[in-house]
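Two complexes, one shared chain (chain A), two partners (chain B, chain C).
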Partner chain A sequence: MGLLCSRHKRGNQATTEENDQAAEIERRIEQETKAEKHIRKLLLLGAGESGKSTIFKQIKLLFQTGFDERELQSYISVIHANVYQTIKILHDGAKELALSEAGSSKYELSVDNKEIGEKLSDIGGRLDYPRLTEELVQDILKVWRDPAIQETYTRGNELQVPDCADYFMENLQRLSEANYIPTKEDVLHARVRTTGVVETQFSPVGENKKSGEVYRLYDVGGQRNERRKWIHLFDGVTAVIFCAAISEYDQTLFEDENRNRIMETKELFEWVLKQKCFEKTSFMLFLNKFDIFEKKVSKVPLNVCEWFKDYQPVSTGKQEVEHAYEFVKKKFEELYYQNVTCDHQDRVFKIYRTTALDQKLVKKTFKLVDETLRRRNLFEAGLL
Partner chain B sequence: MPVLFSSRRDGADGQVLDLYTAIKDGVLGGGVGFGGGFAEKLDLKKMIEELNLCEIPSVFICPISLEPMEDPVTLCTGQTYERSNILKWFSLGHFTCPTTMQELWDDSITPNNTLQKLIHTWFSQMYFQMKKRSEDVQGMTSEILDTLKTVKGRARVQSLKNLRELVTTHVIVRKTVVDKGGVSLLSSLLGPYTSHAIGSEVVSILVHLNLDSSSRLNLMQPAKISLIVDMLNEGSIETKINCTRLIGLLMEETNFQVEIVSSHSLLVALMRLVKDKRHPSGSLHGLSLIKSICAHEQVRSLIVSTGAVPQLVELLPSLKHDCLELALFILDDLSTVNEGKQALSDCSSTIPNMVRVLMRVSESCTQHALSILWSICKLSPQECSLVAVDVGLAAKLLLVIQSGCDPSLKQQSAELLKLCSLNYSDSIFFSKCKLTRTIQ
Partner chain C sequence: MAGCDVIRGCPSDYVALSVAILSFILLLLRSTLPFLIYKVPRPKGSSFWLPAIQIMASFNVLLSLVMSLNVVRFHRRHWWQSCYLWAVWVNGPLGFGLLLSCRLIQAAHLYSVFIKRRLFPIRSYISLPLTLLPWVAWAGFLHIKQPLNNRCHTGTQWAVLYTCFPVLYTVALVYITTAIHHTEFKFHELKDLWRGILVTVFSIGVWVVSYILHETHEEIMWLQVTTRCVLLVVAGFLVVAFFSISFSQPLVSDMSLHKRRSFNLKTMGEALGIPDSGILSQDDPTLDVVPNEPLDKLLLNKRFCLSFMEFADSCLAGESVHFYNEVQQLEKIPINDPVKRIYMVRHIIEKYISTGAPMEVNISHKTRQEILTTLDLAHPDLFRNAVNELLQLMNMNLAKDYWSSIFFLKFKEEAAMRSVDHELEQVNGWTVSPRPSSVRCPDDPFYQDHVPRDPPSHDGHGSYLQ
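Right, the complex of A and B next:
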């Protein structure tokens, strides 16, 4: 940079070589800026645990070379950590519930399991987790299968049980093998709270095999303390992919156990919509975790969430799931249009139903997103 | 004298019979090629009806009815007519030849067998050709429908394009598609992950077909409607119009549920279509659909909340007759809800634009404009009447009262005039009315 700033001739001491270098660097910067203009910036936003990082991983798997062996191995410690965290949350949760419901013995672990439970809870509270051994797996399974823990699990929405709990518990044997290498599925389920910003650049290959579109995807941390880092990314964004996990209508925040997650998402979405820098940005709303939503809707009514309190079920089974989904979708749509002014008339807004863990679905969804953005581009260029 | 001379190769040249093709196709005898026996069996009347051709050789047409003759008879003047028509002419007491105006010296009518045979053969040939063509086209349609079940991607888009071509050019294809279960096949292609390329082709085909009740209900599934609304928002103008028309068709269903159209995205998309000045045909379709939606009271406040009222009011001056009528109808409907009334009175252009419409376009436009003015003047009589009179409302109202309109309109105008005049002294009011001395 220094070389560029001092463009005035330093008398006889300015050599042609230095000037040439300066010109070369300037030219390269100009080239890169031009190239940058063609790169479409996509921003993954959303509350904590809404599925942003999973989408990010899916994009890597779909449009890049996927995960190499080293990366896969790096996930082993994450997955093991998830296992310990889960069992600790359940164990401590059982103790809490046992205290609050002093009369019943539903949440009382059996005598043998109590000791193992304490030991595991202890491990789970450390900063460093030991590698899963056969012995530990047996211990964990004993505690997991204890009826008290299963009973606690049904009230998992009141605790901070991660969504991957079921999956990892079922595959526990495999996870502890000596030469275990995580599969794609394992990696997708693994849960790490993102902090800071992660980016990746990719080019989706369409059916015509001509790529041309280059996307740069940014993933951010969703928890409250992470959100102040978002604002630095807000310039020149082509599209915001806002992830909202619709299955968490009965859950509370990690950062604030008194706050319903959907209410938080609602407020956050409104805040993002109002940002001036997003006036011309396309908004893709991903209503995520549909698979969990599907199963939950028949057991937990939507009205437990304040925003959905006017929901009336009309039928049962699959039809009801569809009806519930449409209700939620309409709520978000209403929310969007309430926050739209005449400046935003031309802004693209689309809602997609996603299950971030399903690669095929994410691929199909992204194809639609790509189509929309390309059409938008033509529209802005006046060609449509 | 009618002369047979060779003109264009297709015998349907309106003037005369093409000699060359007539001989080649065996019309002038021979019967080689398609079998004269086949021709005999078909009823001429039926063929003429089914074919419904516009260009029939003039020598086959009866001068009285201008229809092709089924039983031609010749008079002594040499002119040929359809038997029933000329007999009717005689029964009315005329004994002249209708075309030459000559008095008939001989009242015998001779059946013109030659001409009858020619007519029969010609129509049979045309009929045969049409049947063959339609079989070809029907065959092609079946093939395409079968292909659609198996191919994907670009091949699918191409098949759909081909099907659309057939459906738009040949009416018979539309029935074929419906008969072969094409409607449910096409509907199944619409889903949450359908690309616009496929979706727009499917809609452009469905719009031409006769959809029965179950097909319509099938299409009303939320995921399919979402896709159609999306395409309404983002597609080309043809796609937007097709989607609008399709939703209109679905709304005609008896078990139609209003929730389907009470969607922000749909209403915003329709308004965008209406406001697009580059495509007036789009505006017409958009307004028609909004009018149909407005007929359902529950949706009216939603429509108002999307900001449709000021947008429509601002558009009024630039709309042509039929669009203008629709827009006024919509605003009239919207004025029945409180939010609508409020929105109308909040918009500063409402009164001037309504006044401008009075007595300028059509009676129904005047009726709607009056109704709207009445709603907002009742809401806030003081301010409205001030504005209204300033832009010449009073003069217009007097015009209505004096015109030949419906008495109820006159009544309403009189009441409105009274309402407006409450704020003025007589002299000022008269001057505001811009009345000439004579009327005064």
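Right, the complex of A and C next:
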């Protein structure tokens, strides 16, 4: 990270100015090297669509300057893309299901909607999406409200329907307004697969205070092909924030539709735990998407997932949700302790229940994470 | 006094043994040196395993001949000197049989890709044992029937049956080779196939002749000694001449034949002679970039594409751009040249699409399966869905961060320097890029003095790369 400055001087300048500048550069290098040592490296790891980038966005909102108008506007194309992609997935999914269940007609769209559906599917397959207009919105809503599509949506776990589908469809009118500027909630719901590595630096006490920890947070892609890049980030990590979406127990991977998402997360978590470079690294497990988990548990039993096949429901309603959550949490705890050796005795391991879309919850959770890491830091410095 | 012809260990035997050892060393050099010189990463999947198994099988052939012909004199008989172990098992299913089976599968792959225009549907770890099954069955049968005498020799009818196997496999190899011989291969696959067949036929011929001589002139001792020596030397020659990497790594095999012009491996585009696929030249046009233009149009300009590629590589997301680039090269190959297209397609699939590929791209399961199970590798729209998905990904992910990165600034500076008037555009609306190659951001807690921000003057690569 050298500060190598090669500026072209216009004409001959006095040497004192050069010396001043050189001294200034030296000072800055020194400052930075000193500062680097105090920066705590955090990694956001997890399988695809587990909520890592949403947590990343939340950190920007909470501890940095947030999103300015330009950035918010740049999300409009993403949100519109999500809408088109959703409707395309549902339409194509309905066609497939209609073919595979040739007898029943519940996945057959009505005659008028069929044509509109084909048109929208075509648009969804293009590279450049048109901006959402009133007419397109009406078309999309017609298709969305078609019983065949709603029936397909109930089987959305077999297709790759994004979690934001419901939210965007409900707010479709607002999204298509001419002077639409995405709200914070819209931005948090917007789904884009991350590729490569993204980083940000922040301090939990706020940007104006000078004291306090400085964290450098790295966000990565979660799909299988992205994981070979993780290894470049594994040195000197203070804490790994592992995101596991617990609502995905009946869904399959984007990159491999023959593999259950929770089983993949389980294997991935084990792999991460076994890495040599993480012997002293703290692990924060975020059991994410609790809001979706709450709604799903009463409709889809946990034992559809192989790892949870010994689950027995005991009651109904909120109690059942809590019971199911505790079951899942225990499974992850057991998994952690199965993969712990004597080298890892001092390692910190905490589990948090999160909903990455909920700003208050993420703020609270992060404050707890920060506290844990500060205590750990003091402990390691021998002061505790 | 028993001569060396009876108790083994004649000088000619040791000469033959050294020839065999030298041949094996030569084989190892031939197979590994090109990779070491050009620093090519180890290939994955059957591209690595089939040649590796061939090398192992070659070693087994040589070793089994040394042991079963009793070329080396041992002072005691050990249990592992059993004739059946070497002459039947190691020589057959683990040696010569394995060699022929590997080559048969490689030829079948070529047939499937270039004639049937689809990827070979059976995975190698299933097809190889299946191909080897007859040899294993035969070895088991021999082991049960025990027709070998204590000099490791069989009767004529067993020998005839034993020769049937290599002959059958060679016939199958000839059949597949003639089916593909009209294809215009760009690398010397056909030459290597014919060479393999010829040396095999030659070796079988030598084996048959030596067997006949042994049966008819058992009493002539020097003949025995000579045939032993000849067999081992021919086996050494076989293993070296049989081996080829042009099936699995055509680019590497291509470079190893020419005089080394540079230490850089050619790209597939360059090897196939696709225009404009090499490095940047002075004549490449610059581009007046407008950030709102669609990315696919911008990427048509070579300088922009290279700048964008560098940026993507710096944040570990380069594979999408490289893939896009190579698909563009593929599209320059005319439709009426299916062989070249298939080479390029196969190369792209092995590098970017196969699970576990070195630069695997981020595409959906459906798209990947569509490509891997396609019935026409030369189809012009094979990669359309994948390209669309990745352009979407690049658009929504990388493009935003690129405009505020140091690479774009460098690109604009270079473009400005190259243009007639040297007005440097004002960089308006400078925003922070979250990618590691960005300049310092205003909320950096260590920017305590409000030093006016200078034009970027430091190395923009992310600190995590150190």
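As a working rule, the second predicted complex is superposed on the first by the 347 of 384 C-alpha atoms of A that agree within 3 Å, B and C clash if a C-alpha of one lies under 4 Å from a C-alpha of the other, contacts with A are read in each partner's own complex, and residues count from 1 in each chain.
The rule is simple: contacts are C-beta pairs under 8 Å (C-beta built on N, C-alpha and C of every residue); 3 or more make two chains touch, one makes a residue touch a chain.
No experiment lies behind these values; they were computed from the predicted model shown.
**Q** After the match on chain A, would you call chain B and chain C a fit or a clash?
**A** In the arrangement built by aligning on chain A, the partners chain C and chain B fit side by side.
**Q** Of the two partner chains, chain B (first) and chain C (second), which one does A:316 touch, if any: first, second, both, or neither?
**A** neither
**Q** Looking only at contacts as defined up top, I'd like to know whether chain B or chain C touches more of chain A.
**A** The partner with more contacted residues on chain A is C.
**Q** Which angle, to the nearest 10 degrees, do you get at the Cα centre of chain A between the Cα centres of chain B and chain C?
**A** Placing chain A at the corner, the angle measures out to 120 degrees.
**Q** Looking at A:200 after the superposition, I want to know if it touches chain B, chain C, both of them or none. Which is it: first, second, both, neither?
**A** second
**Q** Examine A:21 and indicate which partner it touches, taking first as chain B and second as chain C; both and neither are also allowed.
**A** A:21 contacts neither chain B nor chain C.
**Q** Touch check for A:105: first (chain B), second (chain C), both, or neither?
**A** Touch partners of A:105: none, neither chain B nor chain C.
**Q** Which holds for A:353: it touches chain B only (first), chain C only (second), both, or neither?
**A** In the superposition, A:353 contacts chain B only.
**Q** Which partner does A:78 contact after superposing on A: first (chain B), second (chain C), both, neither?
**A** second
**Q** Mind working out whether A:254 is in touch with chain B, chain C, both or neither, as first, second, both or neither?
**A** In the superposition, A:254 touches chain C alone.
**Q** With the two structures laid over each other on chain A, which partner does A:367 touch: chain B (first), chain C (second), both, or neither?
**A** In the superposed model, A:367 contacts chain B only, not chain C.
**Q** If you've got the overlay open, could you tell me the nearest Cα approach between chain B and chain C in whole angstrom?
**A** 26
**Q** List the residues of chain A that touch chain B in one complex and chain C in the other.
**A** 207
**Q** Please give the residue numbers of chain B that touch chain A in the complex, ascending.
**A** Against chain A, the touching part of chain B is residues 153-154, 192-193, 195-196, 222, 226, 230, 234, 236, 263-265, 268, 272, 305-307.
**Q** State the interface residues of chain A toward chain B in the complex, per the touch definition above.
**A** Touching chain B: residues 207, 322, 326, 330, 333-334, 336-337, 342, 345, 348-353, 364-365, 367-368, 371-372, 375, 384 of chain A.
**Q** Which bits of chain A are touching chain C when the two form their complex?
**A** Interface residues on the chain A side: 1-7, 31-32, 35-36, 64-65, 68, 70-71, 74, 77-78, 81, 125-128, 160, 192-203, 207, 210, 214, 218, 221, 223-226, 228-229, 232-233, 253-258.
**Q** Write out the stretch or stretches of chain C touching chain A in their complex.
**A** These residues of chain C touch chain A: 294, 296, 312, 315-320, 355, 360-366, 368, 385, 388, 391-393, 395-398, 400-401, 429, 431, 434-436, 441-446, 448, 454, 457-459, 462-466.
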